[in-house]
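Below you'll find the structure I mean.
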Amino acid sequence: MDELEIDAVAEVELDDPVLVEGLPGVGHVGSLAVEHLLEELEGESTLVRRVYSREFPPQVSVEDGVSKLTCAELHAVSVPDGRDLLLLSGDHQAQTNNGHYVLTDAFLDIAEAFGANEVYALGGVPTGELIDEYAVVGAVSDESLVEGLEDAGVEFREDEPAGGIVGVSGLMLGLGERRGFDAACLMGETSGYLVDPKSARAVLEVLETMLGFELDYETLDERADEMEDVIGKIQEMEQQQQMDVPTDDDLRYIG
Amino acid sequence: MDELEIDAVAEVELDDPVLVEGLPGVGHVGSLAVEHLLEELEGESTLVRRVYSREFPPQVSVEDGVSKLTCAELHAVSVPDGRDLLLLSGDHQAQTNNGHYVLTDAFLDIAEAFGANEVYALGGVPTGELIDEYAVVGAVSDESLVEGLEDAGVEFREDEPAGGIVGVSGLMLGLGERRGFDAACLMGETSGYLVDPKSARAVLEVLETMLGFELDYETLDERADEMEDVIGKIQEMEQQQQMDVPTDDDLRYIG
Amino acid sequence: MDELEIDAVAEVELDDPVLVEGLPGVGHVGSLAVEHLLEELEGESTLVRRVYSREFPPQVSVEDGVSKLTCAELHAVSVPDGRDLLLLSGDHQAQTNNGHYVLTDAFLDIAEAFGANEVYALGGVPTGELIDEYAVVGAVSDESLVEGLEDAGVEFREDEPAGGIVGVSGLMLGLGERRGFDAACLMGETSGYLVDPKSARAVLEVLETMLGFELDYETLDERADEMEDVIGKIQEMEQQQQMDVPTDDDLRYIG
Amino acid sequence: MDELEIDAVAEVELDDPVLVEGLPGVGHVGSLAVEHLLEELEGESTLVRRVYSREFPPQVSVEDGVSKLTCAELHAVSVPDGRDLLLLSGDHQAQTNNGHYVLTDAFLDIAEAFGANEVYALGGVPTGELIDEYAVVGAVSDESLVEGLEDAGVEFREDEPAGGIVGVSGLMLGLGERRGFDAACLMGETSGYLVDPKSARAVLEVLETMLGFELDYETLDERADEMEDVIGKIQEMEQQQQMDVPTDDDLRYIG
């Protein structure tokens, strides 16, 4: 295994496509969003590239007993009445700082090869608590991109994201800018505790406006309802615990 | 020391051999199994390769005062009435993600050089508790391999192994598949707390069926009996502790 | 992204300049000091180099919604009636041992290219408690540099800094010496708990003496007053807590 | 700074010298021993090599205000009536697994260049408690070396060192053996809690027998007496604490 091995699985002609990155991160917002895009646009999408790397964790996932080596995948999508897309998904991010740089450059290389010069990095920004409203916070590689995104409902906040943006999403902006891409990071607010389908939906609604396609959200909403059941049950259990008489038992939870 | 140094200790002609990997892991199931194979098949086996690497921990083991640098060893085994074997053993796995990829590729290189294109990676899957029945859970690089293993008693479970397979065993499947090997990972159920000879036996019994040799299990069973004595004593001690009047002494066990 | 990418933003002729390093460290003394220099000498300073590296954390900072990839910056400053300066600033240090060596060599390469052969590395030495007097402790690459700095008020103490000097500041001395630089590290005493503008001022006063420029300290003193308000409030809160009746509540602060 | 930079400080002709390694480790036994050798044999010893590396921690030590970049040093010693020596000392070991391999190979390269093919790696083996008798435990690269060392009082114990020997000392045996060196590791028993001059003395007495020189131990014994005062005081303090009535105060010591 080299530092990078890129399998060309298929070739597809795309017209001025947009790279959309949905690797795992806070609340799994980005990966849920791209997963949903792949489901909804299945008829128009083709797996074109698999990226393997020594910078990915050395492991396989197993489904129905069959193994699959850690990789990232790119699907080419010809959307009727919308922008062509290059969808980036995967189960893991790089495991070292060096790895983040190497892999992001590889993804941008592939995007360039398909004629892309625009990137949307999708992720979550944790609020630290459960929320009802799902704003989408934005960051861009160049000021000229702010207005169009604000018109689509993205919020640009003065103090957010505090601490910047780390990992592939941040480097899509940082390296993308150096390589001539217009890059934007869309971060759906999320509690961060769980997989968050409502946050993913909020982000996808921005993309619909920016990129011209239309999505059905039924399956995402179903997942959201399941989530709410789970949250409800967790909250019940926590209240149950708080009603117990406080004892030295509490001390057993130290550490 | 280069990234890899492979000592050719001896040359042996093998006929369509099978690589069997038994590096340390959960419950030491794989390494116990290969150790037992090496003991039982001592007459037919020859040490052919030692693999040294900067990716192994920088240390020596000491036996009877004499040092031995960390390495992996490959033994060629011509089994009467069974498939030829290439047995991979060692005291340590690689210490970095990069190391796992580098070393697994090296082991597969050696296997190819000996004409092998089949791999069995042996390991354990932890149950989290002591058990009586020892199933062997399987994962394969290609669906076509499932049936033969199911016939040999291997179980393919929908949700296992959760989290996939990490390290050399996982990469034997992942890299093996990319390099044209038929690869299977056999994981004996084990409590994971101890070295588990019964789990190793369960895995070896599958190999007997698949590869045609017959093994005696007396020494492994002896180790299993020793283990049960140890477990029995630990359980007694734990019950002893629980019968004491609970006091602030408990707090001393906070880690 | 290569191991190092150096953007030449502008070219400026400097006469025997001095490299002044102010990357983040203890109490942010060095970075505050260089920040202040950049503010006060804005009219005479030009951004000349940006240094990007895989050794920097893979992230972008975000200001007003616009991203900026992690980098270090060098400003050339032609000071009227003082030594020319090359000011090194940035938001992050390298993240690995290898990275510290690589980046310090890169900074010294740039310094050499501008004709510099003197370095001041600015930092803090933690006292472990809040202080009233702000001494500046020194370390130099060669004994011949001690006297001049002592005359400027720098203290050379027998047991300090205990444990030496780690990171870029230490390597400015260590690698600087090997490469023919006269290097000095000026460390303002600081509690280490906070950003410390008084410590930064103490260090800058030494530089004024050594390098011939004059600075206004109004903005730094304002930050110092803000700091004192914050410290005052923290101290109040702590006294408040100590007056409470001691209970098992104390145990909640363990760990 | 390259991966390795070796400064040739002086050249000295040695006759079949022995490399003696005393880098920091358990109880600082090895480094104390080599320090003592350097003091006692000062008249006959010359600093010949300094080894710098990116694998050393990126820091300088500071003495009397003057910095010194992390390095290892080799001194050539022509001992009257004894074997010629190459003494290896330093303040730090490598910080990564790769670094241990790289640096040990560099030290063996230098030893070869001086005509050496014998190595003594000096260290400590922790007993876990304070002791009165100071045995020296041994490990060798080849069985043929056992007898000579046993005659000099070294003990070869069946179960020790458990876990083998890690770091430069272990690799002196492991890599030394592969490169044609006769290598021995002498480990003085030590509590491991402190710097242990008595353990260092025990190891040096073995070297005196093997290598033909004679040492005065006055300064080491003085350090040993100082150590005993310190230990005495620590023991008093601990007894003082145990005599207090046990209260919830104990909980404050939970780490």
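All chains are identified by letter, namely A, B, C and D, in their written order; residue positions are counted from 1 within each chain.
By definition in this document, contacts are C-beta pairs under 8 Å (C-beta built on N, C-alpha and C of every residue); 3 or more make two chains touch, one makes a residue touch a chain.
Values in this document were obtained by computation on a predicted structure and should not be read as measured data.
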Max Cα-centre separation from chain D goes to chain A
Comparing which residue numbers chain B and chain D contribute to their contact, where sharing over half means same and under half means different, the two sides are different
Chain-centre distance (mean CA atoms) for chain A and chain D, in whole Å, is 52
So, in whole Å, the Cα centroid of chain A is separated from that of chain C by 37
Residues of chain C that touch at least two other chains are 248, 251, 254-255
Every touching pair of chains is listed here as A-B, A-C, B-D, C-D
Listed in rising order, chain B residues that touch chain A in their complex are 97-98, 100-102, 104-105, 138-143, 146, 156-158, 160-161, 164-168, 170-171, 173-175, 177-178, 183, 185, 248, 250-251, 254-255
Chain B partner, complex, touching residues on chain A are 1, 52, 54-62, 64-70, 95-96, 248, 251-252, 254-255
